[in-house]
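The following pair of complexes shares a single chain, subunit A, combined with subunit B in the former and subunit C in the latter.
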Partner chain A sequence: MGLTGLEIFKQLPKKNCKECGQPTCLAFAMQLAAGKAGLDACPYVSDAAREALDSASAPPVALVKIGVGEKAFELGNETVMFRHDKRFEHPTGIAIQVSDNMSADEVKAKVDKVNKLVFDRVGQVHEVNMVAVANDSGDAAKFADTVKLVQDNTAYPLLLTSGDAAAMEKALEIAGVNKPVVNAADAGNYEAMVALAKKYEAPLVVKGSDLNSLAETVEKIAALGYKNLILDSGARELSKVIADQTQIRRQALKLFRPFGYPTIAFANNDDAVMESLYASTYVAKYAGIVVVNSAEPEHILPVITLRLNIYTDPQKPIAVESKIYEILDPGKDAPVLITTNFSLSYFCIAGDTEAARMPAYIVPVDTDGISVLTAWAAGKFSPESIADTIKKLGIMDKVNHNKVIIPGGVAVLSGQTAELTGCEVLVGPRESAGINSFFKQQWNQ
Partner chain B sequence: MAVTIAKERWTSKVAEEAYGSQGIKVGGETTLPFLQFEGEIPNRPVTALEVFDTEPKDYPDMLREAFADVITDPVAWAKKVVEYGADMVALRLMSAHPDWNNASAQDVAKTAKAVADAIDVPLIVIGCGVEEKDGEILPVVAEALEGKKALIGCVTANNYKSITAAANGYGHYVIASSPLDINLCKQLNILINEMGLPLDRIAFDPLVGALGYGIEYAYSIMERARMGALTGDKTLATPIVAFIGQEAWKAKEAKDADAPEWGPQGDRAILWEVTTATTFAIAGANIFIMRHPESIKKFNAFVDEAMKSNAY
Partner chain C sequence: MFEIIGERINGLFYDIRDAIANKDPKPVRDWAVKQAEAGAFWLDINTGPVAKKSEQAEIMAWLVKTAQEAVDLPCCIDTTNWDAIEEGLKVHKGKALINSTTAEQAKMDALFPMAANYNAAIVGLAMNEKGVPKSAEDRTALAMELVANADAYGISPVDLYIDPLVLPVNVAQEHGPECLEALRQVKLLSNPSPKTTVGLSNISQKAPNRPLINKTFLAMAMVCGLDSAVMDACDDDLVDTAATATIILNQSIYCDSYLKIFRQK
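Our next item is the complex of A and B:
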């Protein structure tokens, strides 16, 4: 990335031995800069030079892997400040915190709740990612016991929080094999913490008291040869976190190496509603991991939903296949509902029809995955496309009536659709939430 | 090591507008949302709560309870909204809707005047949503509210002429709605401006979706509009209005009282509304039209924190 031929040339052995296939080292450097040759072609390049060249070509935000097995996940590798510039790559990991001051029963009950924070949204399963264990007691044995209890009761990766290297060592003896996040190394304890993280190859949080001290500690840790890092600027107030997260991402994209790692943010607040709002903000504003206290679904569902929305690829609407969907085993007299193949449109109408306990056929017209009104405005949800779909899928052969129901928002299409299809076109409610009363009043008279 | 703080040098700013005879100000920012370290945010985001001019048909119980004693009386309802701490009242003229009461322009204008006279905060007046009908009633409402410097909407590409002319003549502001498209937004602002209404008398409504229902589209449109404003595009520099309550309370996650896997409705419904609002706040919206009194409380608590200086 970005290195010029001359910058590369300075790192080369300058033997001009031609073993790389190029006439001179400078020519080789030019080929490297153009991406037409690999550094491996030169047998004499030093380890130090290789390191310098590799790190210069590394992505602006490093990729960090957390945990092992099915629940393992990745952070980082982000390349933009704004999702509309490209997309955000790796959804923020959500960690729910338990304290080693809690009793064993309390810990178990809370971990049970965390395990149940699994939500179905537009046909996909979404869940939290980690359990954080905090060494609030300051007691190493208590910390290790709690870590063991949590690990025995959940499949999620752990985030171990203690400033005490001795306590961290005991906890890692139990959980280290599962590559938990070690939280945190700071200016005072980094040598011991780096040694532990290295031993277990675990990702290590580096905590500063501000951006300057954070950069300083990261440099010292990089000098010890450890780069499996996550950054914490130390900010805990909302406006300060927004500013620091923005700075870290901005500077990483300008290739300021000490900030070239994913971040962690702490949303903990005594008021669970405020905590949820902070967590959502940090999801949108660049945090790699966000840590919260509440394990209640009403506080976590909004955060998980926003994460799904913000990390959706803006260039790729989520679409369902355009085919006949059968809800609750419909018979010959079941209604036929027309919608678009934007997954959200489809799942809204499917969910509400099911909730109304109404056996029905749902027929999504292929609109390249855009919503009813957007597709209508773009001319992709038209009497012609509706008629084509009805004909192509043969839906009217499945029923013994001649009626189709179109969304209320496109009522203007009813006349022409009726003409083209020969069907009786009923205008449904504008919102799928009204489908229940529509069925009651206009279908089951 | 000393880190050199990376600051953008923005060349322009969002238009500053002042609504009502009280002159409540919005806009004017010279930086992206809450990044005080590289610019000024002279005015905080403002809230409005909605009032229907006739009893709303589809309010979930939780919303209805908050206004139970005033829900059939728009004047009393508006006063209650002010008591609840809203910066503005958003009066929705649903009675004019052909499917509701099909009320006449004179009738709804009378209600609008009565509400405006009863409150000491600026008024937002929203039509019934049927473009032709709004084109008929809103000019009459604008006349009845002469001198109140109200924010009148929603103006669309199909009905902007009559409403813009009236808003201009009687000294009001307009809300210009265009569906989630930055180019349509610019185009409508230009059309309105060509009729003689200055750009700093327009607020932009990107027709947002709520959390879980397309929030990300409006989020990115707002971010792009803000970048446009800060880099000198005057047609994108109008304050942004977001109809939060209208959208959030359509979501099952807010409305459904009985959904055990999502937890109790109380915090869940409020969070659906406020998360939608705070997400748009960090994308750049200025005016937040909400429905539940608890929502504006939580939203203001969030804004209090977000507005603290983060200068380095």
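Our next item is the complex of A and C:
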């Protein structure tokens, strides 16, 4: 992420004094851009120029660590506007909010619910990431008590929300050791909030009333020497949040330093379904943390699923698990279809089999998630790997016949597969779209 | 998207020269339409070397108007005569492309304000009063002068088309790799980076089998970051080469009919 010649030139004094050894400032800028000269050669550089060099080495979006211990997670280090350009790096942290206006029992009940928001998706565990505590009461002691109660009942990192530095100080005396997110510093209270965040080395949310005021406050905080930051443009309306999130990411990627941090977005909405929709939008549109109210699994699971999908690496093929898949409750006489575990291949054959109303078993061979012909060419879809899979999964024990069906594209494998498996190998159509007529002609004859 | 600058409306060609002499709009219109259909993005307009200097401004205005009456394409106003550039800009519809300034300070100080004033894009040649530099490094340094000066006049790098200057391969062979390297370097000068262009057919002046040399160089230059070229839009083979390079560079999404789509934009 080097600086361009023009960007460096703009920071130079433009005296053309030649003291750096170059004929002009422009020539010196080009040498710097090419890494052939050091900025120290110029005796007249300003702080702005040093800042520019800083920018050259720092990533466009800073990495921010949240919490400590097993449930700690990271945000930032993002490099693209669109996931298909490369990938999104660090999944959005989902925070569920409790209020210090709630009774101790209510708080405890909700935190217990949050602790149970753990879901099994495609063989992996996915969960929420934080509990947010809001100082809605305006009472510092109540806030501190609620923070203590939440901390005692969950392992998740905390997000402490209060505009009152005194209340925040009390809460941090309890939770500071676990590096909670301090929410938020604004134009009015930033000096006190920065002092607190510094003391506990906790990530600090900077809140603006709009993008301009946000940039100003971040610059003031950076001048105080604190850069462990998360950004909140202050927008709460869906359309405005999308616009601000987009601007923040776009400007960060153009190395506008005040916006070079992860963001936080608040999806809180009285209507829990709307809240899920808002949260989903923010997951797709660059939010580092999204805060919601509902702890109901039916509102959280869709957001977690979306997050999983949005943050997968588009360059890597998506694989399904290599296991026996049952289509339409198959019986002992149902056909056995062999394919690969590339998700696209699997879902093609599964979809077409279901559309043909044919109860069947589908057995994807683990080919590292690549398609039938690709895997065949790479030696990963071979008579040996097919035979191993059939044996390992015990598919032939589920049926009362001895036939397996392989894709028509690899008809050439049939003989050897039959030898190795002892099965009768039927060669299916080249395209799964032909599976319906294949069943009619070759299976139900 | 790769921008073809159709070279055909140029007083160098006899039919255009006669059209200018007779004030006959037909050949100009015909070439405007033909080049537009072939996929041109800009129409290069050049009064040609025969036109008297005192008449060039008027001819330029007539050519621009005539071409834009026939097709909805912007023009690349190609002349060294500053009055002719300005007359062309006055009648031009949409965003024009001025062709060109060099990195000579006096030229930059005259033409960049003109470009800014008429909201036009401008071609900057990587040369100055000392001539065409040989090395990629010297070409890039002059390109940087152009970028910095354009910026000072409020012209965005995306409206600046740097031409690293292509010389004939038969007599200036050693310039080839330097020119290609300069194309690469120019893309790193600013963010967003300046655009790039070349006078493509220069590469094959007086050499046999010009089409082969032209299309080979075009593909190589596109790999190095070439965004546009003054070229023969009606050379189907050449346009096919540009279209294919665009696909291989993942600049537009592949489809089986990409050659046709490339010409449609």
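Note that the second predicted complex is superposed on the first by the 269 of 445 C-alpha atoms of A that agree within 3 Å, B and C clash if a C-alpha of one lies under 4 Å from a C-alpha of the other, contacts with A are read in each partner's own complex, and residues count from 1 in each chain.
As a working rule, a residue touches a chain if its C-beta (ideal position, glycine included) is under 8 Å from a C-beta of that chain, and two chains touch if they have at least 3 such contacts.
Since the structure is predicted, the reported quantities are computational estimates derived from the model, not experimental observations.
Of the two partner chains, neither subunit B nor subunit C is touched by A:A418.
Contacts of A:L39 after superposition: neither subunit B nor subunit C is touched.
In the superposition on chain A, contact is made by A:G5 with subunit C only, not with subunit B. Counted by residues of subunit A touched, the larger count belongs to B, out of subunit B and subunit C. In the superposed pair of complexes, A:A215 makes contact with subunit B only, with no contact to subunit C. Of the two partner chains placed by superposition, only subunit B is touched by A:T305; subunit C is not. In the superposition on chain A, contact of A:K254 is made with both subunit B and subunit C. Of the two partner chains, neither subunit B nor subunit C is touched by A:I324.
By the document's definition of touching, of the two partners only subunit C reaches A:L26; subunit B does not.
The intersection of subunit A residues touching subunit B with those touching subunit C, taken from the two complexes, comprises 254.
For subunit C in complex with subunit A, the touching residues are 140-141, 144-145, 147-148, 151, 157, 188-191, 193.
Within the complex, the subunit A residues that touch subunit C are 2, 4-7, 9-10, 26-27, 29-30, 33, 254-255.
Residues of subunit B touching subunit A in their complex: 1-3, 5-6, 34-37, 179-180, 211-216, 219-220, 223-224, 227, 250, 252-253, 255, 261-268, 270-272, 274-275, 278-279, 282, 298, 301-302, 305-310, 312.
Within the complex, the subunit A residues that touch subunit B are 82-84, 119, 121, 211-212, 215-216, 219, 237-240, 242-243, 246-247, 250-251, 254, 256, 258, 272-274, 276-277, 280-281, 284-285, 296-299, 301-303, 305-306, 308-310, 312, 314, 344, 348, 351-352, 371, 373-374, 377, 431, 433.
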